[in-house]
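So, here come the structures, one by one.
You will see subunit A twice below: alongside subunit B first, and alongside subunit C after that.
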Partner chain A sequence: MSLVSGPGRAGETSGSLPDELQLTIEPHVRYIQSLDSRRDELEYWLTEHLRLNGLYWGLMALHLMGRPDALPRDETINFVLSCQHENGGFGAAPGHDAHMLYTVSAVQILAMIDALDELERRGKGRALVGSYIAGLQNTRTGTFAGDEFGEEDTRFLYGALNALSLLHMMDAVNVNKAVDYIVSCANFDGGYGVSPGAESHSGQIFTCLAALSIAKRIDLVDVDKLGRWLSERQVECGGLNGRPEKAEDVCYSWWVASSLAMIGRLHWIDGDKLKEFILRCQVCSVSADNSTEINARQDTKMGGFADRPGDMVDVFHTAFGLGGLSLLSFPDLEEVDPV
Partner chain B sequence: MASHGVPRPSTITTKDEQARLKEEKDIKDYKTLVDLTSEREYSLEVLELTSKLLTKNPEYYTIWNVRRRLLTYGLFSKPSDSSLPSMELPSTSQTDTTITSSADSSSSSSQATPPSQNSRMTGKTGTTLEAIKNDLAFLVPLLMGWPKCYWIWNYRLWLLQQAKERLDMEIARAMWTQELGLVGKMLTRDNRNFHGWGYRRKIVAELESPELGGSSMVETEFEYTTKMFSASLSNFSALHTRSKLIPKLLNERRSDDGARLRFLTNEFDLIAKALWTDAYNQSAWFYHEYLMTNLLEPVRQSTITPNMSSTERSAYVVLQIENVKEMLEGEEECKWIYNALLGNTMALWQLEERSPMSDELQDCKTWLAELRKLDPLRRGRWDDLEKEFRGF
Partner chain C sequence: MGPKIKAQPQAVAEPAIPVEYRTVKDKLEAEYLESRPYEVLKAKKGFGGMSAAEKSAYANYIFLETGVWKNWAASQQKDFWALVEKQKIPLPLPKPQPLGKDFRGRDLETYTPQEYQEYQKKQTRLRQLEAESKRWREIHIDGDERIEEFEEEESQEVEKQRRKEIGDLRGKAMGRYESDPTWDDVKPIPQDDGEGALAQIAYTDEYSEAMGYLRAIMAANEHTPRVLGLTEHIIGMNAAHYTVWLYRASTLFALNSSIAEELKWLNEVALVNQKNYQIWHHRQLLIDQLYTTISSSPSDLEELAKSELDFMMQMFAEDSKNYHVWSYRQYLVRKLDLFSSAPELASVEALLREDVRNNSAWSHRFFIVFSNPSYCTPTSKATEPDPAIPAIVIDRELNFAKAATFEAPQNQSPWNYLRGVLRKADRKLSTEEEFASQFVQDLEEDTVDIKSSHALDFLADVWEETGEVKKADRALTLLGDTFDRVRKNYWEWRRKALKKD
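After this line comes the complex of A and B, so read on.
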């Protein structure tokens, strides 16, 4: 899910949807803007290890809503660079150790706001970031570790290829070996797991397909088999789950739907019902306008998306909810690249 | 920040003054704890601070790393293979409980830690063993409370790796073996826990490795999947694991063609029983499809019965189709049955390299119509299937 591109798709309208299932952009923009002003909440401090990812998800959401300037660009760049370590990698926040996950987020953020040059100007250089990532490849198997302690996961493999392609440094790693490794993670249902032998999981399928897309080897996928398994992730309420017999969730709606899009099978699920499900997961201040006592503080709580209807919203599900809607050509949203 | 299953309060309430003050204090306490837990020295005191902080917030991955460094460079008794940290440690005070770092203890025996200090940590069996044991015990309640936290599982694996590298094989092996009990408990609590199944796979791989004096555990692990599947017939994780063990199992048993065929039939029986119990068990249907794939793949490529001839395969597929048809009785509303019938019948044409017979084509069209009716969510899939029929 690197970058949004191009103008919003025209076409289908949401006119047939009932009022509560409309998308109103402004509350969601305000919700994201409010996130960094919540220092009086314990949760803010308990989630410091996700700060850089949070920024990425927030920006992704804002770009999808056509409001890329809703967060100050300079501050964003300063914060990202303040997370960088001497070895080129990035931590989740200043003082947090470098890790693949946050290094990828950093590169994605800088790419999204067209600021990769800042790595040369004020950071430690593009090449050092690339070599940090490349250094985490397991030269024997082709997969990637998250950090020096060696946890391996196809999430890191995808992240590495994604960031390196944004940095134009794919040559720094052995792409063929990485591709072979993904193939070795395939299962009888056509899906992929975190490592060879691991059960298929929609999040992992997304990372493997996206990595194969970046490596231009999507031809290696058993498209029909995987498409059937993925399409069965849609449950009665329209939402999608991550594995058989699990509950639906907005974030899985994104992993599954974008995976289906990457293998050309998005039409194998019911897009309208999925849209309705995602919209039911949003909190939108419009519905609470009647209440007289909404002060500014509460107002910031009146936006965003949750994992499923009635749950707490968070920036992660907000980004992927909007990503899902964009994938399904929702009007008023920018088009998203499934990778 | 990524919350799952946390219900939203039904009404928006302003926090009262008391709640606000409490949150303010909690934040202050938490931030103080974070500030205290700096890597200023590799001491037991700091280790305890990390314990406190991680118990509050096990997602704080950097603190797990701090803990690794504390053990590696400070608290373990033997020097590690990995290079020592380049950073200079600030000199530690005389009164604290610092255990001399491994760099010191290995470079000069004259600087050996006084026994009185050492004994606070080591007991009889040595610092490393005690440190690892204590840490493994520290993690258990955290795993129970946060069974989906990647960092805890990873840290635990790292600890066990340290045991393998630093302790006698027998002792290390006993530790790894104990993990099977722990992960068994975790999987009883949540039989689909993704981390639990992955962890089990890693533990088994280590226990099988020559470094731990191991041998194959494929038979007992296969039995474990049978047990887990019997306890819950829709446990896709158990069936997945089964599919991964089968090739190895048959090779190790040196099964001949006859034994392989019997094995396949047993698997079909097992899954048929589950499907007769609940025809809507999608996990069982996916596994059924996997077993069918074994028949439908080219000779020598299939994993279970590689030497079965094309004629034998055809006959077996036809038999399976008949079995599935019988399930329709009383379950006419079950889309999975139509789905299997359709898929397997079409695969049979491919296997026999022929066009469909007219009655088969008629059947398929009827089944497809049922699928359209019963499963409108996936109508795009049915549209594509219909296009395939038009080719005939």
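After this line comes the complex of A and C, so read on.
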């Protein structure tokens, strides 16, 4: 699995859109299944550093579409365990250094396919994974580094709490300090950034809110102020952007909408317009007579979502496009937990 | 210039002039037949039509072809060969075998005879070079013989040329590292994907070769200058490979390499990789390291701040909202304590003059003004009032934000900034009612004229604060129905909240 982009380009339906855009599951399932078979493309090798994340995004999308078995379970477990290091952490692919982001993806993948037991049976044990993560906490500030080299980012903090909660090892770290750190990242406009003083960014807001949700401290958020800022992310075309005056992108359908959901303010944006925007970012388009057809510009029977209509699809935007639709209670999709 | 026909028996009446063969296949087939003149004759005349002498020669040819003469007694063999000599019977050539293909996939049989001759010469040369190169490696890497330093240098150059020639002859150049004798001591470790050989295609070869050498280097934990060249090469192909960056950093520090040089190189990489995390983390590691060596020299620190600012402005010329650069900038302001630095504030103002909608620049301005340790309360959060901030700073910032709203009334950044400053100052929103009212005319009339939905939003909050519920409700209704319909639900929620108060 990889973050290979393409081959499809999201549907550009020139002229008017059909009244009701549809979601057809099968091409998207096939798209995700196809990703690992694209080893003869340079892109596959250049995205090796994202392999484990890509696998997580792909599985997330498949689970949302009710097709958790569409990737072989045993191969998935084998691949995940092959990325593990002696210190308990995971790299993006075999031979890559251990890093928080991939360790979190590994735990999420194993949890999603109900295979955390494999850590004990064939991996280096659940406790070692937990202690690898715990070892990356900055005991002075409470935040987390990505690896031994110390890059810090609220993404890593969220990842740490997420994985530890899945491992039932929250007591391995100082949760209160981590919570304090998130609070110190709150900005004057109500949002949160990558570190104290950094500009508010929808992706970082998601990580901060999700971390607070896991720590059961959402009460520390100025919900109305943040909700106001988040709802301002919706632009005229229905899509959401990540920061003021930036272009819309399907991935923010997840980051922004799930953040709004976590603070109970999802209804503040126009859900129908957002759904319409997300559906316009699919490769799979719907013809005038409402029969589903694959966009004629692709000579492939594959689906996938792009960041915005007309761009190349990839697995990251596919997962978050589907995640957004699921949050908006789109029919045919499993319900997603915003955290 | 085809060769002359070799067989010269009288019986075969072929003209003895040079023949041009179209292809080497034609030539080989012709030669095959030419070496069997009596077979050809028999096919033409039939056995019965041949003369007695021809029949005798034909029989001897058959003995030659089948090799039965080998079983005869020595004297018999001697007579046989005398006869063959006398009858001028050529030795039959073996049946031509398929020649195979060249490296371009062209069938060698389609070569002209001359081309084929050239080809064979090259193949001979290639085998010779390969043997020499193999020997060279054995001597230089595995052997105990140490050659004088000077000669070693020279023969490395010769060997390099040799490998280049081998590549030319093979029609496929060797990889950068395979062709470089200075890397001979490293045995590349190929990708282990546990699924057997991959169908590699040409344009991934360069990347996979370099990665193979890096794996080997890392396995041996080698930190030498050539690692910098190797990692630079890989980063040039794929700047997002975090392991490569980490190994480069540890090598730099192990070698005590020039940080200034590294920063210069990193600038170029950053300019072509706008959306990359690793570059900025690498930069922080470099600055942390550099800082320890220059922290006691104010002029060096000032010089660093200036060159970093110059570089960041170069990055902003490409994308003035690049999140990585802004996050790095906040790191640098803290690291070098640039809160009160005049160029710091001036450059933010310059960016806002260029694009007043640059929310990143607004955010950074708030950060440097309201976390400045020279007057701010250190524990004060961005979202709470700080009585330590001088009124002159507050007023300057309010005026700055207000001026920007006139420039682009529908720009949300200065409105958010204005609210942020008022909060820091612990002043009520209503202190700016007069200012915000300039953007709203005839609120109660049908002719209502709104220059900024943000002003209307601001006023709704003001009127909520002052208890003017009716006006606030009117503002919120207008927002939901007319000026910001996409967030209708939000404005309705605000209206409901208003009535609850």
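Note that in this section the second predicted complex is superposed on the first by the 302 of 339 C-alpha atoms of A that agree within 3 Å, B and C clash if a C-alpha of one lies under 4 Å from a C-alpha of the other, contacts with A are read in each partner's own complex, and residues count from 1 in each chain.
Keep this in mind: a contact is a pair of C-beta atoms (placed from the backbone, for glycine too) under 8 Å apart; a residue touches a chain by one contact, two chains touch by 3 or more.
All figures in this text were calculated on a predicted structure; none of them were measured in a lab.
Subunit B versus subunit C on the shared subunit A, clash or fit?
Pair status: clash.
Between subunit B (first) and subunit C (second), which does A:249 come into contact with in this model arrangement: first, second, both, or neither?
Touch partner of A:249: subunit B, not subunit C.
Which partner does A:222 reach: the first (subunit B), the second (subunit C), both, or neither?
Only subunit C; A:222 stays clear of subunit B.
For A:72, decide between first (touching subunit B), second (touching subunit C), both and neither.
In the superposition, A:72 contacts neither subunit B nor subunit C.
For A:125, using the defined touch cut-off, is the partner it touches subunit B, subunit C, both, or neither? Pick first, second, both or neither.
Neither subunit B nor subunit C is touched by A:125.
For A:91, is the partner it touches subunit B (first), subunit C (second), both, or none of the two (neither)?
Both: A:91 reaches subunit B and subunit C.
Touching A:54, do we find subunit B (first), subunit C (second), both, or neither?
first
Of subunit B and subunit C, which one touches more of subunit A's residues?
The larger set of subunit A residues in touch belongs to B.
Kindly classify A:46 by the partners it touches after superposition: subunit B alone (first), subunit C alone (second), both, or neither?
Both subunit B and subunit C are touched by A:46.
With the two complexes superposed on chain A, say which partner A:283 touches: subunit B (first), subunit C (second), both, or neither.
Touch status of A:283: first partner only.
Just checking: does A:313 make contact with subunit B only, subunit C only, both, or neither of them? Give me first, second, both or neither.
First partner only, subunit B.
For subunit B, which of the listed stretches 7-15, 79-87, 115-123 or 277-285 runs into subunit C?
277-285
What is the shared patch of subunit A, the residues that subunit B and subunit C both contact?
Residues 40, 42, 45-50, 91-92, 95-97, 99, 147, 149, 151, 187-189, 194-195, 197-201, 227-229, 231-232, 234, 236, 238, 243-246, 265, 267-270, 273 of subunit A touch both subunit B and subunit C.
Touching residues of subunit B toward subunit A in the complex: what are they?
1-8, 12, 14, 20, 23-24, 26-27, 30-31, 34, 56-57, 59-62, 65, 68, 150, 154, 157-158, 192, 194, 197-198, 201, 234, 236-237, 240-241, 243-244, 282-283, 286, 289-290, 293, 376-381, 383-384
Which residues of subunit A touch subunit C in their complex?
Contact set of subunit A toward subunit C: 39-40, 42, 45-50, 82, 91-92, 94-97, 99, 147, 149, 151, 183-184, 186-190, 193-201, 222, 227-229, 231-232, 234-236, 238, 243-246, 265, 267-270, 273.
Using the touch definition from the top, list the residues of subunit A that touch subunit B in their complex.
40-43, 45-50, 53-54, 91-92, 95-97, 99, 147, 149-151, 187-189, 194-195, 197-201, 227-229, 231-232, 234, 236, 238, 243-246, 249, 251, 265, 267-270, 273, 283, 288, 291, 294-295, 297-298, 301, 306-308, 310-317
Going by the contact rule set out above, which residues of subunit C touch subunit A in the complex?
Against subunit A, subunit C makes touches at 191-194, 198-201, 203-204, 207-208, 215, 237-238, 240-243, 246, 249, 277, 281, 284-285, 321, 323, 326-327, 330-331, 357-360, 363-364, 366-367, 370-371, 381-383, 411-413, 416-417, 419-421, 423-424, 486-490, 493.
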